Amino acid sequence: MRALLSQSINLYAASLLIVSFAMISQRRILSLVHLYTTQGATLVLATATVAYLTNQPHLFYSAAITLALKVVLIPILLHRVIDRLDVRWDVETLINIPTTMLIGIVLVVFAFNLALPISQLSSSIARSTLGIALACVLLSFMMMIVRSKAIPQVIGFLAMENGLFFAATSATNGMPMIVELGIALDVLVGALILGVFMFQIREQFDSLDISHLEKLREE
Amino acid sequence: MLPATFPLFLTLLLPVAGGVVLGLYGHRDKGPELNAAFSAATLAAALWLTAEVVFGTSVLGFGERFFIDPLNAFLVALTALVGFTTSIFSMPYMRIEREHGKMTGPRMRLFHSMYQLFIAMMLVALTTNNLGVLWVAMEAATLTTVLLVSVYRTPASLEAAWKYFILCGVGIAQALFGTMLLYLAADRVIGGGEGALLWTHLAAVKEQLEPNILALAFVFLMLGYGTKVGLVPVHNWLPDAHAEGPTPISAVLSGLLLNVALYAILRCKVLADGAMTNGLPGRMMIGFGILSVVVAAFFLFRQRDVKRMFAYSSIEHMGLMTFAFGLGGPIANFAGLLHMTVHSLTKSAIFFAVGHATQRAGSQVMDEIRGLLQASPTLGWGLTIGSLAILGMPPFGVFASEFLILTSAMRQLPWATPVLLLSLAVAFAAVFGRVQAMVFGDTNLAATTHRPALFPVFLHLGLTLMLGLFVPPFLGQWYRQAAALIGG
Amino acid sequence: MSVAGIVAQLLEIALALAAAPLLVGWVDQWRARLQNKSAPPLLQSYRVLRKLFHKESVVADSATMLFRIAPYVKFGCMTLICAIVPTLSTDLPLATAADAIALVGLLALARTFLALAAMDIGTAFGTMGARRDMLVGFLAEPALLMTLFSASLITRSTSLANMVESIAHRPFALEPSLAFAGIAFTMVSLAENARVPVDNPATHLELTMIHEALILEYSGRHLAMMEWAAALKLFAYSCIGLALFFPWGLAQSGTPLAMIIAMPVLIFKLAIGGVALALIETVSAKMRIFRVPEFLATAFLLAVIGLLVHQLLES
């Protein structure tokens, strides 16, 4: 049973990677939010499994907080913002999707290489998944760069946070409780502020196209 | 007798309480006065705390969760002081903005409460012993100011705030990864749990930490916190945020937040230097520092907006400080700490003067501000003296610290000295030419309904002058102790 | 080269030739049922083949030798593929001569001949179909190779028979890399067999055709060979997929009597696979041509990720 659970962590990690790739190839904003929710749910499962296998009750609390925040609260917030702002489609990306995916593969290889020496030094149960966590972070970062609308950038930012959280779980069996609480609080406040921002941007520019926000250049 | 941690408790509690109270009453007529009152109380508590550390020993509070030693004690005092004087400056300034229609009641509430919370978060970041909590506080400090940068709701300010949020958010995510790697390294040596992220514990075992992990951790931490310091090439948010936000925010961003971010890097550098023997952290800091100084100096020429220009000046000076701390050694560290102090005081003084000038001219474009001396001699002289001070004119404090930095560079890294000198000269030419154009000649400025608060300007400039001429012995001792702590 | 091996080999070839049209019929039937239409009878494909064999083959005047031999080449390649894929047993004499890379090579050979033959006549639709088919093949081939490489990395061999034996003998483990390779393989087989969402096999609008456009000019026995070869291709792909990802029930070398169990197990697995294919065809919409590269790029990506994940997590 325990062996199966250990392998399931690998499965969760691989699913996270797939979700990250799916995010960069998505065109529709609603699917992005659903993918983010899936990512959060996978994260909860992975954290809970690690908590069970390493007998660390504080990771269970951490998983519960992640569930409440990233699977329930933030997706509700995002749905609310999308509904009120009435955005459905985002067809434009700066580079086309097959090229994005190929760059994504390069990033994944880079991340795996970077993480290899660290995961050898770690003593955590999920240490081999550190490369995947780092790859998720880099992929979300790329998603933020190639998208030209505000909401995919926000979701990329939140997905990057997810990747970092998974990296913490895989490298060190989670961080101390107080730090994780603080991070969760920051994420929540950050999401709220971003929500407020959407409205301000929409009010000012009548669209959520980020290219409107590129007027401040060096003279 | 009160426990030693009581002033610490007060210092942290007062701004938080201020944030809550002003969140409810900040829009009232006496809102700005209330803001200043809370800041004054915080200053008193901070001075009490600093006195305890300086004349006593380092304070370790609340079960080792907070730690004040000479390095952050003076930063705490500086933060509280600049916070107080900026709140005095913002009293008439924000009133005038409200009359011009750029601020409304709810926005005043937001401004005042976020201001207090911002000070609170910076104080938490400075006094905490837990590197994870340091990260949380830095992120929280960013979040409190994001909405403030966009408070005028112009397209440019929205863009500046968005850039600020996203770029700093990405940077700080890297810092989180770096913190995690530190936790990993600590876990191997002293076990996990909350104690593993306490700086005092880590500093005690820093030689035993794994060098590979620390190297990677420091790179991420440098990139992450370096974004908040404004080091080139991750500085893009800084000029926009300074130019588009209200001037009190520009003053505290330049004067305080950049310092706190640099402090975070310093704490990590101590750990990294202990673990690694190849001097990589120092060399990275020297590299980023020189790059920032050179790039900022050349960008100074192209600016037409006065606050953007002084924002680039901040980038230049932070680069200089980073360079100094990268060099290491007692003199360079002393110089860096002195520079942190005087830059903070001088730059905020400049922003105070600039703020009032732009208010009277109705624009931030330098070509549209003329004849400051004629319109208001105190304002004109304040700006002139402030610019001269920040550009390194003797006998002000900036000259003393720059001199020390350059002499240390000449001894340890000779090739850097001409580069730095050239950049400083370029900066002088760029800034002073502009300031001259703004200050002399016939004026086009209107009068304002409230008297500008010029007392903070002259207080800061006076302190800078004093530090340039004569560093009081207890202050000098303090700096030397902190410099020894940073080591290198 | 045991007697059991030769028997298994011949049995496999015979089974493939006989059952391939039945598989196509099964998929058609289920697709009709799922779409609430009345289903054609199961043996319809056989009837079509018999009708076509009795008809005269009309060949254009401008056709060369290539046009005439292409159907036979394709049929031969597909039969050979069915012979080397372990469907009933892994003890196949021909298997030692061919491995996964040769498999892909055979598919490429068939595709080349078909495309050239379609352009041979000189009609617009033939050339268009040839171009499109080459586009799909160009992108599908690397994806297929990557999938096979994933499997061969896990089993440390590129010979199909060895691969299947290794996978069948492994203890049950959750292996994400095999899961990714499986999904990638499904996507590639949908593309190569001209199924929705890449190509609609039941379309009669020439502008939307990919595979159908290639065989537009054929009639009579040539068309019969083409249809049969297409059925064999579907059969082969299904068997490859089953052999790599669900190999339980295959007879190993040294247990020839297990073939008696292997046959019904294979039929059962193919039946489920057929229903799954019909389900995928029903719930998907046909993609526009310019989206096909994205689809195949995703398949390629999944296969590469499977490889990388295997390297990272399981080595």
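Here are a few things to note about the model shown:
Just so it is clear, A, B and C label the chains in written order, and each chain counts residues from 1 on its own.
Going forward, a residue touches a chain if its C-beta (ideal position, glycine included) is under 8 Å from a C-beta of that chain, and two chains touch if they have at least 3 such contacts.
Bear in mind the structure is a predicted one, so any value in this text is a computation, not a measurement.
Two chains share more touching C-beta pairs than any other pair, namely A-B.
Distance from per-chain Cα centroids to the pooled protein Cα centroid is smallest for A. Each chain gets one centre point, the mean of its Cα atoms, and the points for subunit A and subunit B are 31 Å apart.
One inter-chain figure worth recording: subunit B and subunit C are separated by 66 Å, centre to centre, where each centre is the mean of the chain's CA atoms.
Subunit A and subunit C have CA centres that are 38 Å apart. Considering their complex, residues 4, 7-8, 10-11, 13-15, 17-18, 21, 25, 97-98, 101-102, 104-105, 108-109, 112, 128-129, 131-132 of subunit A touch subunit C. Contacts from subunit C toward subunit A in the complex involve residues 173-177, 179-180, 293-294, 297-298, 301-302, 304-305, 308-309, 311-314.
Taken together, the subunit A residues at the contact with subunit B in this complex read 114, 117-118, 121-123, 137, 141, 144, 150, 153, 157, 160-161, 164, 167-168, 171-173, 175-179, 182-183, 185-186, 189-190, 193-194, 196-197, 200-201, 203-205, 210, 212-216, 218-219.
Here subunit B touches subunit A in the complex through residues 130, 132-133, 135-136, 139-140, 143, 146-147, 150, 153-156, 158-163, 165-166, 169-170, 173, 176-177, 179-181, 183-184, 187-188, 192-194, 196-197, 210, 212-213, 216, 240, 244, 299, 302-304, going by the rule given at the top.
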